[in-house]
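After this come two complexes, each holding chain A, first together with chain B and then together with chain C.
Coming up: the complex of A and B.
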């Protein structure tokens, strides 16, 4: 007997999936609660697809996509969204790049017109490319190169993914961003910004036929590239040895410890394994009621904060992380030992039904709550399809979580394997 | 005033350098001491040029080059060398692949005939490619996967070169070797095994005109590829944090500590810097008279062995390594601290003239001694040209070493920079 409702996610009408003749995938998510529409285009290329030596180009191109086309000069698209009282955004992940607008539903066609226009019509001149590169370089300087925690994060990721491109930061390495110019950007744009490499997601107060007709009039007019990109990334070798990276910097206010593990993702795992890891992380690190918080913060008072996360939605092997911020007077070595002991205690104690059910209920509830936000809902489907999943898999995910057993959760502890981990120590440099 | 003779390397006649019309470089090193000739062909592609996801292919192709051509079936070339009382070998490094034979001088032409034949005429069928791949996989299993020190070495290199392909082992990652087949091998062979990517080195009792005539009759008949490979490898980013990797294994007999640093190579360094690092390493780790041995083994008796090396002849940034095997009862942490203290002592004490001169004399003498071995001499020029140096630079190297000052040696200590290092701890796993 299950304590949770495991019906699939339910929408006002079925979520539908279509493919235009040019290869563009279309997902339509009916949501008639208010007269708005969310329009997103997802490209199946993220930083992990950056050509060797051109790290950062996926993210750089995301910036350049706002530089205007022949039909719509720089600023025209964004100005229109603002004028219509809408909102827009764009983001680059390791596996995809996406663009979206949210507007009153009657303006959906206009959005599709402008977004499809910049799928092929982008104008890139040195006069806009080079200053934008300076913007990105400055973004990197600000966010990473002046932040010890971010620097340690880069070193840890590079050590965890020694061979796979997930070890390269999305924004790119400074010296490689500096080498990106108009030519590289154009070559990249022509290779990846094509209908056969994209997914259109429309959520909102719309009818399927109407969206498909608009899609055909806009995106449908673009020819298939005929060279749909194939993802073929170098995979991680088996590397032995326990890795530790220590960074001491005068700017560090609060020392902290973390450990990242190489683990299967939703795409690479055998059936049920990724879901079991999700439940495990909910049990261990699900906020104030999580096992790690209860033991290390409340009972032992060795840490002022603990936590963890699992990044399930990636194309390839992914990362699970646990961290702790030690209490005053507790060393990083001591908190590391306490974390290891606590995880061993958890494995020994096992998992009771009540805790398991609470964790699953919470995960499933979060997925249902996402339906409250049209953007979150569109993102859920867009990101899943961008990494190669199907609409049905998204719909079935709550049931798959509900099916996870205590045995599977405990078995998932094996992925917290030291030999596939990197530990990070962030310290205040007292000497400096 | 210098204490050492700094004449350039001197040979019976000038070392000469030529380029055939098809782009093949030819280096001829006269050596009339005995009636033999060493014949080498160097290709400017090593493991660091392996296509992404195909690590190990340079080394795999070195194996396949012995599989025969249309004219000379498998075994014919090697059998001939044996029959003529000669010797042969081949090797793959990170930056090049080379093949050589050493025979009585009258057989030089025959060697050139057979070697030039396999520059383009290799026959690769699944029936030979696939079993040879099993040989390589077994080589990897034997040498690396069953040896904890080799495994730690791979982890350390992968962490030191997080982005640059020097972090990938020459033999390749197991899962990528498994993916190499006939098609990949042929594509690689066609791309790199061309006269415009090769250097012919002939050392021995030969005349320049005679060698050039033979080269023209053999290698000269091959057309230039028209697509001379360009080396464009991703360079290391600046990564902060002190990295440590610990490997404990029941098979470890003797615990050891090591630290690798990312340093400039002969090709990437400013003038004089690589030479200063060479002298520094000679002073610190030049055998029994080296500073590290004297302090840590003889005086303090904390280690039973210490040492280090600097790999100067690479295309890109390279590696400097120091290591120590602690005495009974001394922990790896203690020997690490002792090594750090000893290096700090050295920096404080400075370098007297006598020690400096002795170190330089030794390095220069080693270069001169190489002339005693025809193969070593040919290798010296071949490897230098393969990484992009000129004949004259090889000849001038002793003088460049002689010009190094004590100030430059002490300044070179800055390259032993923790923030660009990875430390390795190899331990016996007592629990296992």
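Coming up: the complex of A and C.
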């Protein structure tokens, strides 16, 4: 036997896309290696859709979705998943909220039955809502309020997105979470949890016809809301001027520096621009072969670690970030200067073919490796559709990356505009 | 509970044999590996473990193995650090190394068409790493920055102190990463000595999953590991006798929420009761939405976002360990509830429904732990290292199925004893 290589620019799995009469989109990704199915429902609402003054409600409702329905009271769904040896969880992002179960394939139908039941049938009482709000407050204390780096992160996002709701943390502000209750949660639920606002993704050892029939029997029975939510978020104005935020805390033992820029996302960018930024970030910050690591860590030894990321998959304008952890004896101001100089050097030197090809190879391979995991595949397609992309765009993404030219990558540098950036300085409060 | 559940459990345990899919490959020079040949996705995944781990660090100098493993991909053979990383990216090869108390580990993933380059690079890293002075200083600085950062992370502080107390006087007392005191002391000679000491075939375990056949694999095993000494001379690690029980340590730290670890002696991976202990632990704090701790601490009272327990079967001192984070004002209450649940499980054992639910979960979810190449390889390499047998995956579910209420009660008693335990609290706890 010998291996047959697939076309490196295409996915092996035949991904199919369907729409039920009530507007529910369905994506099916067969993978027959293991008798397992991954079932996900994505709603096109995330923290950026939280009503004014109710930050955190998308995430709070995600927690409350586990509190039961009339047909399946609190605990029944989770107990069933456990009984069946399944895994389940949910997550909330800025643009979407998703719920999933992973089960032996023969239980897929049961999962669809219960998940579709809680799309409309949620029952909430104060007796369960209030302790769950305490859980969320503890979650916030755990993730943010005990960690100066996370606190600085919140301030930086709020400064970069001065007007757009991406500046508000997904979990919400403490004082607003404290004010969320049953009424707010139910109003939010009725507005967003509808078939015409949702995407069903099924991956694993399944047949397309079988999944569609099950979807029809379950989700298909729910009426369309007739008023599909439209996302209209306030867009970011052009704000001139560099912002610099310093957080000094006695608990910081390792100082660090970071800078964020407002950049176009996959959804807002002109054709090819998001892909060019993606390649740029791979060239600059792609692990230990990245330009920044080579210059600042290996050659100049001014930093012990550098990196960056670009969050391409958002509905609106998004964020690109670079960071550095300075070597001992190097100040945050010095590492900031070194980073600016290094970026300027890169712009001057340009980009050779080998470096460009290497960056593209790595990005395309990452998409290819995702095929080893049905969950990774389900997430890739679910998140893309949830921000308004089409299945074909996901399938075409490797080819779009492959088409990026050196000129486009260098042109993308214009988005790293220091004069409009937000910089963060995390350091030890020596006085405390 | 209902009929469909029983059917599913029976069906899963009767699924097709894993043992039949595992080939035992032996190279010409005698290097052994397990191979699961699968061409569905043209990827090859390699997982390797070398027994001994950080417990072989020189006395008083923890962190040697961790630094060595961190340096293997920082230049080898004809390639300096940058050239080595660029070559990995040119061929989209994923390679990483790690160290824990009991093992050194290696992970390799490659597209099938680049397997020759991938194994060649692995061979260079393991046999011809440069370990040059600049790389040593660079990686040392990275580890130090990480240790400094963790030194003020309340959750890591609780974890470190828990192990320091639990294993006082034993090599396990310190983290595999070493300490801010020990890492600066490590010399190149320490690294070379560790490499010569640990890199032998006697305690090497390899599992390969994916698009490669036995002949090709055997050849590559010889190329990479053929020159390794056959016999090892590991220093004997004393077996740890007992963890202090009924001891509570508070580290004062200015955060609104306390991080907590609790636990005591557990059962060895090879103990005949280990699998029953897994079921008992699942009942206490193993399930995501269904354990006793989840229900009592989170769901009913909203005391914490995360609360869990797990078995930590270290080779020379197995533990059970649990953790949670709760606001300072409610630490006393949380710990009393946790202690009461542990004592009740030790005294009365689980009830029938809990036992069945947990058994069904552990049986049914087995397939979910094996549905990607990486997961399958990762599971198999531990099975191989613990000499549980090639047919372990086939036998496992049946072993769970026969566990009775009496077994579970007996093992709960054995595991939790009189309910006394070691606990570590980092924060400003109240109500203790």
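Rule of thumb we're sticking to: the second predicted complex is superposed on the first by the 419 of 432 C-alpha atoms of A that agree within 3 Å, B and C clash if a C-alpha of one lies under 4 Å from a C-alpha of the other, contacts with A are read in each partner's own complex, and residues count from 1 in each chain.
One rule holds for everything that comes next: a residue touches a chain if its C-beta (ideal position, glycine included) is under 8 Å from a C-beta of that chain, and two chains touch if they have at least 3 such contacts.
Just so we're clear, the structure is a prediction, and the values are computed from it rather than from any experiment.
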Fit or clash - chain C, chain B, common chain A = fit
Task = Figure out whether A:228 sits in contact with chain B (first) or chain C (second), or with both, or with neither.
result = neither
Ask   = Touching A:371, do we find chain B (first), chain C (second), both, or neither?
value = second
Message = On the A-aligned overlay, A:337 touches which partner chain: chain B = first, chain C = second, or both, or neither?
response = neither
Query = Which partner, once the models are overlaid, touches more of chain A's residues, chain C or chain B?
reply = C
Ask   = Which partner does A:162 reach: the first (chain B), the second (chain C), both, or neither?
value = first
Request  = Determine, under the contact definition given at the top, whether A:305 touches first (chain B), second (chain C), both, or neither.
outcome  = second
Query = So, A:244: does it touch chain B (first), chain C (second), both, or neither?
reply = first
Key: Arrangement angle, chain B at one end, chain C at the other, chain A at the vertex (C-alpha, nearest 10°)   = 130
Remark   = Minimum Cα separation between chain B and chain C after superposition, in Å, equals 15
Note = On chain A, the footprints of chain B and chain C overlap at residues none
Inquiry  = Using the touch definition from the top, list the residues of chain A that touch chain C in their complex.
reply    = 1-6, 8, 12, 31-36, 66, 78-79, 81-89, 102-104, 106-107, 110, 130-139, 141-142, 145-147, 204, 250-254, 286-289, 294, 297-298, 301, 304-305, 325, 327-328, 354, 357-359, 361-362, 364-365, 368-369, 371-374
Remark   = Listed in rising order, chain C residues that touch chain A in their complex are 1, 4-5, 8-9, 11-12, 15, 37-43, 45, 73-74, 81-82, 85-86, 88-92, 94, 109, 111-113, 134, 137-138, 141-142, 144-146, 148-149, 151-154, 211-213, 253-257, 259, 287-290, 298-306, 325-327, 357-358, 360-368, 370-374
Key: chain A contact footprint on chain B (complex, rising order)   = 52-53, 55, 148, 151-152, 154-156, 158-159, 162-163, 167-168, 173-176, 232-235, 237-247, 249, 424
